[in-house]
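Labels for the chains are A, B, C, D, E and F, by order of writing; each one numbers its residues from 1.
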Amino acid sequence: MGMHQYIKSLSDLENIYRCPGKFKYQEHSVASHSFKVTQIAQFLGTVEEQAGEKIDWRSLYEKALNHDYTELFIGDIKTPVKYATPTLRAMLADVEESMTENFVHKEIPAPFQAIYLERLKEGKDETLEGQILSVSDKVDLLYESFGEIQKGNPESVFTEIYEESLTTILAFKHLASVQYFLEKVLPELLNETFTNQGALQKITADLIAKA
Amino acid sequence: MGMHQYIKSLSDLENIYRCPGKFKYQEHSVASHSFKVTQIAQFLGTVEEQAGEKIDWRSLYEKALNHDYTELFIGDIKTPVKYATPTLRAMLADVEESMTENFVHKEIPAPFQAIYLERLKEGKDETLEGQILSVSDKVDLLYESFGEIQKGNPESVFTEIYEESLTTILAFKHLASVQYFLEKVLPELLNETFTNQGALQKITADLIAKA
Amino acid sequence: MGMHQYIKSLSDLENIYRCPGKFKYQEHSVASHSFKVTQIAQFLGTVEEQAGEKIDWRSLYEKALNHDYTELFIGDIKTPVKYATPTLRAMLADVEESMTENFVHKEIPAPFQAIYLERLKEGKDETLEGQILSVSDKVDLLYESFGEIQKGNPESVFTEIYEESLTTILAFKHLASVQYFLEKVLPELLNETFTNQGALQKITADLIAKA
Amino acid sequence: MGMHQYIKSLSDLENIYRCPGKFKYQEHSVASHSFKVTQIAQFLGTVEEQAGEKIDWRSLYEKALNHDYTELFIGDIKTPVKYATPTLRAMLADVEESMTENFVHKEIPAPFQAIYLERLKEGKDETLEGQILSVSDKVDLLYESFGEIQKGNPESVFTEIYEESLTTILAFKHLASVQYFLEKVLPELLNETFTNQGALQKITADLIAKA
Amino acid sequence: MGMHQYIKSLSDLENIYRCPGKFKYQEHSVASHSFKVTQIAQFLGTVEEQAGEKIDWRSLYEKALNHDYTELFIGDIKTPVKYATPTLRAMLADVEESMTENFVHKEIPAPFQAIYLERLKEGKDETLEGQILSVSDKVDLLYESFGEIQKGNPESVFTEIYEESLTTILAFKHLASVQYFLEKVLPELLNETFTNQGALQKITADLIAKA
Amino acid sequence: MGMHQYIKSLSDLENIYRCPGKFKYQEHSVASHSFKVTQIAQFLGTVEEQAGEKIDWRSLYEKALNHDYTELFIGDIKTPVKYATPTLRAMLADVEESMTENFVHKEIPAPFQAIYLERLKEGKDETLEGQILSVSDKVDLLYESFGEIQKGNPESVFTEIYEESLTTILAFKHLASVQYFLEKVLPELLNETFTNQGALQKITADLIAKA
C-alpha cells in the first residue's frame, strides 16, 4: 500500500470534530484546526525571528501541520482520563507511540517511513519550534472558546477552556512571541464588543498577574 | 448540585456522534443510538419471554438506556487503543469506574447516588439482561453499517464493522433471541436490494458456518 | 414481513425533527427526544418510589420509549389543528388508532402483534405510569425551550412553550415527583446565568402561584 | 400588527423540510420548493401560451408562489391521515380554511386582508392556472424523488413518489404543457445515466400506457 | 438539450449559500432568497397598486423570480471587486451578458430562447417593476442581517449590511411602497426585543434623516 | 489594528465551501482544502528531495498554506468568467493584487506588512515550489472529485473536474513528484472498488497517452 491511502485519509480529518457536543455556534474539524494552528505558528515564528531568534521553518511547519494526524487512529481520549494517574499517562503514551509505528509500517511506503515516523511523532518538545507549537495549539483553542463566548454561549465550559488555554500560553511567557500575543493581540480580542467583556478581562488580568 | 445538571446533560448526548469521520450518509448521535439499542433490547427481551425465559424488564431497560451515558465524561477511546494490552485495558476500566464514582458524587444528589452508581456502571455482565444488552448494542451497529453499505458507501470499514458486529452477536447464539435474529431478521435484511448483496450474503454465511 | 422493517425504521426517527423551523441553536430528533423522555421518566419514577409509590417499571419504560413512534406514519399535526373542535379531535384520534392497527398488522409478525399494539397505543392514561409519561414529555419540552432562551433566542415562541409545558406539569402537582421537580430542579434551572433570567423567574412564580 | 411579521415569517419556511426523515442526499425546504414550483409553472405557462392558450400570469405566479405558505400554521399532515375518510378530509379542509382566515385577520393589516385571503386559499382549482399549479407541484416532487433515485438511494419510497407524481401529472394529459413534459422533458430525464434506469423507464412506459 | 437541464438546475440553487462564511445563525440559499424576494415584491407591488400605480404583474414576478439564476454559471463576485473601477465593472457586465447568451443558446430549446434571454437578463432597470425588484432584493438582505443582529451576532458586518441595504432602499423613497415600508414595517422591526435595539434605531433614524 | 483580526479571520475560511452547490456527499471548506494541499505539497516535496532536488521548505509550506487566503476578500469568481478574455483576466489579476495590498495595509501591523504581502501574493510561479503548489492544488481537487465519483455521484461535472485536474498535473510531468504520482499513487486510486472504474481508467489512460 502506497501513499494513496494517506492522501485519501486527509479527508477523514475533515469529518472529525473537536470537543464533540460542546460547540453550539461553530464546530471545528481536526483538518481546519490543523490549518489554523499552522497559520498561527507561522505568525509566532515571524515574531520570534524579528526578535532575533533563529527559526527552523521546515521543522516548525512540519510540527504544526501534522500534530493531530494521529487522532485518526487513536481517537479523542478526554484529558481527565489521559491524566488520571502518571502510570496511565505513560502507558497511553507508549500505546500511541507503538500504534503510530504500526500505522507507518502498514500504510506508508518504505522509502518514506523514517520521514513520516518523525512527522507523526509528538511534536511538542523542548525546541523553540516545539514550544511555538504548544503555544499555537492553545492560541487556536482560546480563539475557538472566545468565538462561543462572544456569540453569547452561556456554558461555563468555554470560560474554563479560555482559562486553561491562557494558563498554558502563560507557561511560555519567556518567549518573545508570547509577549507579543499578550501585549498586542489579546487586548484587541478583549476590546471586541460582547456581553461578558468585563468578566473575561478580569479573568485575563488575574491569570496574567499570577503568572 | 441536583438533578438539573443531569437532565440538561442529556442534550449533550444529542451532539456526540458515533465513529466520527466514518458515516457519510447518515450520522448517529449517542442519544439516538441509546434509543435504538433500548428498542432492540425491548424486542429481543420479548422473544426471550416467548421462549419461556424470565426477563427482569426493569433491569433490561435500565441497562440499555444508560449504557453509553459515561461517554460524556470519558470520551471515545478507539477500540485498538483500549485493547492494546491486558494491563492497559484493566487500568482504563479502573479509571472509568473511579471517574463514574466521582461524577455521581459530584453531580447526583445524595438520595439518588446509590441508584445512579448502579445505573451508570458497566451493564454488559453475565445475566440474561446483560447478554441481551451486548447483543442489542451490536445489532444496532450492524444496522448502522448496513445503512452505509446499502446506500453504496464503498469504504471497506463498513464491511469490517458488519463482520465484527455479527461475530459478537454469534458469540451469544445460545440465546433464543439471537436464534430468532439469525433466522428471521437477518435474512430479510440481506434480501433488500443493494449492489453488493452477494458479497454480504457470503460473508454472513461464512461467519454463521464458522460460529 | 418480519421485525427487520421495524428495526430499520428506528433510524427514520433520527431524521424527523421536532417543531420544524423553530429551533435555531439546537434541533431535536424524535429519536433523541424519546431517549430523553425515557431518562426523565426513569428519574421521576425513582422519586415516586422513594416517596413510597409502587412503580410498574416495565410499563413506565415501555410507555416512555414508544410514545412517539407513531409519528413515523401519522406525521406532525400542529396542536391548534388537532384541537380545533372536539369532533375533529375525536376523529383524528380514531384515525390514529386505526392507522396504528393497520401498521401493526402489516409490519409486525403475528406472534408480536398483540404486544406491539399495546406498546404503540396512546400511553398517557390515568395510571401513575401514564401520568409520569405526561410529565416527562413536558419536562423535556421545557428543557428544549429553555435551551433556546438561555442561548439568547429572542423569539417569544419559546417563552410560550416554556409556559405551556410548565402549565401541563403543574396539572400533575399532586405527584411527589412533580413536587420534587418544582422544589429542587426548576430553581436550579432558573439560577443559571442568562439574559432574561428575571422575566422567566417571574413567569414561573406566577404560574406556580396560580396552580 | 402589520406586514413585518409576514415578511419575517418567510424565513421560517426556509427551516421547514419536506418529507422529514426521507431524503438522504438532498433535503428540500418549503421555501426552496415554492421557488422551484413557481419556476416550473412559469415554464409550463410559456408552453401553454405558445400552444395558443391565454394565461393569466398574475394568477399563475400568485398561486404557485403562495401555495404552501399555510404549512407554517397547519403543519404537515401525512397524506394517508388526510385522506383516511371523506368526512375527515372535509373537516380538515374546513379547519384549514378557518385557520387561514384567523391568520389573515390576526397578522395582515386591514387594507391587505382581502388580497391575502385570496392568495393563501387553496389554489389548485379548475382554472388553467390552477391545473398548471397541480402539475408543477408534482413535477417538482418527481424531480426531488428522481434526485434520490439517480444518486442510488435504494429506498422504494422514492419509486413510489415518482409513480404517484407521474400518475397525477398524467391526470392532466389534456394540457399542452403536460404533453410537452411527457414528450420532451421526461425522456431526457430517463436518459441520464443511473443504475436503475431500465426499471424507471419501464414504470414510466407502463404508467403512460395506462393513462 | 431541452428544458430538463434547466428544471434540474433549479436544485443547484438550493445548495448555493449567500455571503458564504458570514451567517452564523441561519444560512440562506439562493433558491430561498429568490422565493423571499418574489414574496416581498408581491407585497410592495400591492402597495403600489393601492396607491394608484399600474403594475405589470407578469413582469414584476418574472424579474423577482429569475433575478439571481445566473449566479449558477457566473459565481459570486464580491462587490468590492465588481466595483473596483468603472472599466472593470463594464467589462464584467459584458462578460455576464455574453455568458448568459451562451447559456441560453446551449441549454434552452430554440422555441424558448428569446423568452429566457429576456427572463435571465438584468432586471433592475428604470421601470417601476425594476425599481420594486431593487427594493425587494435589499429588503430581504436587511431582514437577513437583522436576523443575525437580533440573535446577538456581534460581528459588525451585519450592521454594515443593514446600513447598506437601508441606504439603497432610501434611494427609492419616491416610491409609495418604500414610504409604506419606512412608516409601517421598519418601526415594527425596530420594536422587536433585542440587545442592540437602541443602536439600530439610531442608525436608522440617522440614515432616514440624511436621505 | 493588529494581528487579532487576521487570526480571527482564519475561522471564516472554515465557513467558505468550495464549488458551492456541487458536492453532494462531502463538502470541503477553504480551510480544510488549504490543510490538505499543504500536506500533499509536503509529500511531493519529499519525493523531489529523494530525487535529488533542493527544496526551499519554508517557501513551499508558505505557498501552500496561504494560497487561498485571499478568497476571503475576493470571493469565488467562476473560472469561465475569469478566463473569458485575456484583457479581463489581466484586469482581474490587477484588481486582486491591489485589493491584497489594501488588505495588508489595513489589517496587518506595519512590522509584518512586507512579509504578508509576500505570503498572500500569487504563489504559483515558475520556481520548483511554485510548480509543486500548482500540482498539489490539483491533486486535492482530483481527490475531491474522486470522492464523489466513488460514492456513486452520477453528475458528469465530477468526471470533468477529474479530467481537468489530471490535465493540469500532466502539464508538470517533467517533475519527479508528478512521475511518482502517476506511477504509484494514481493506479492505487483507480484500483479502488467503485461502479465506473472502467470508465475512469480509460479516461486516465487516454489523458496520459496524449500528454
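In this text, a residue touches a chain if its C-beta (ideal position, glycine included) is under 8 Å from a C-beta of that chain, and two chains touch if they have at least 3 such contacts.
Everything numeric in this text was worked out from a predicted model, so none of it was measured.
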item: Neighbouring chains shared between chain B and chain F, ordered by label; value: A, D
item: Partner chains that chain E and chain F have in common; value: A, D
item: Self-contact between copies chain D and chain E, residue sets same or different by half; value: same
item: Interface copy of A-C among E-F, B-F or D-E, judged by whether over half of the contact pairs recur; value: B-F
item: Most remote chain, CA-based centroid, reference being chain C; value: F
item: Farthest-lying chain, centroid of Cα atoms versus that of chain A; value: D
item: Chain A-chain B separation of Cα centroids, rounded to whole Å; value: 32
item: Whole-Å gap between the CA centroids of chain B and chain E; value: 50
item: Mean-CA-position distance for chain D and chain B (Å); value: 42
item: Residue numbers of chain C (touch at least two other chains); value: 13-15, 26, 152, 195
item: Pairs of chains in contact (touch as defined earlier), listed by label; value: A-B, A-C, A-E, A-F, B-C, B-D, B-F, C-D, C-E, D-E, D-F, E-F
item: Residues of chain B touching chain C in the complex; value: 1-8, 10-11, 13-15, 26, 28-29, 31-32, 34-36, 38-40, 42-43, 46, 50, 57-58, 61-62, 65-66, 109, 111-112, 115, 119, 139, 143-144, 147, 184-185, 188-189
item: Parts of chain F lying in touch with chain B, wherever the complex brings them together; value: 25-26, 150-152, 192-195
item: Of chain A, residues touching chain B in the complex; value: 12-17, 20-22, 72-78, 80-81, 84-85, 87-88, 91-92, 95-96, 98-99
item: Chain B-facing residues of chain D, complex; value: 24, 152-154, 195
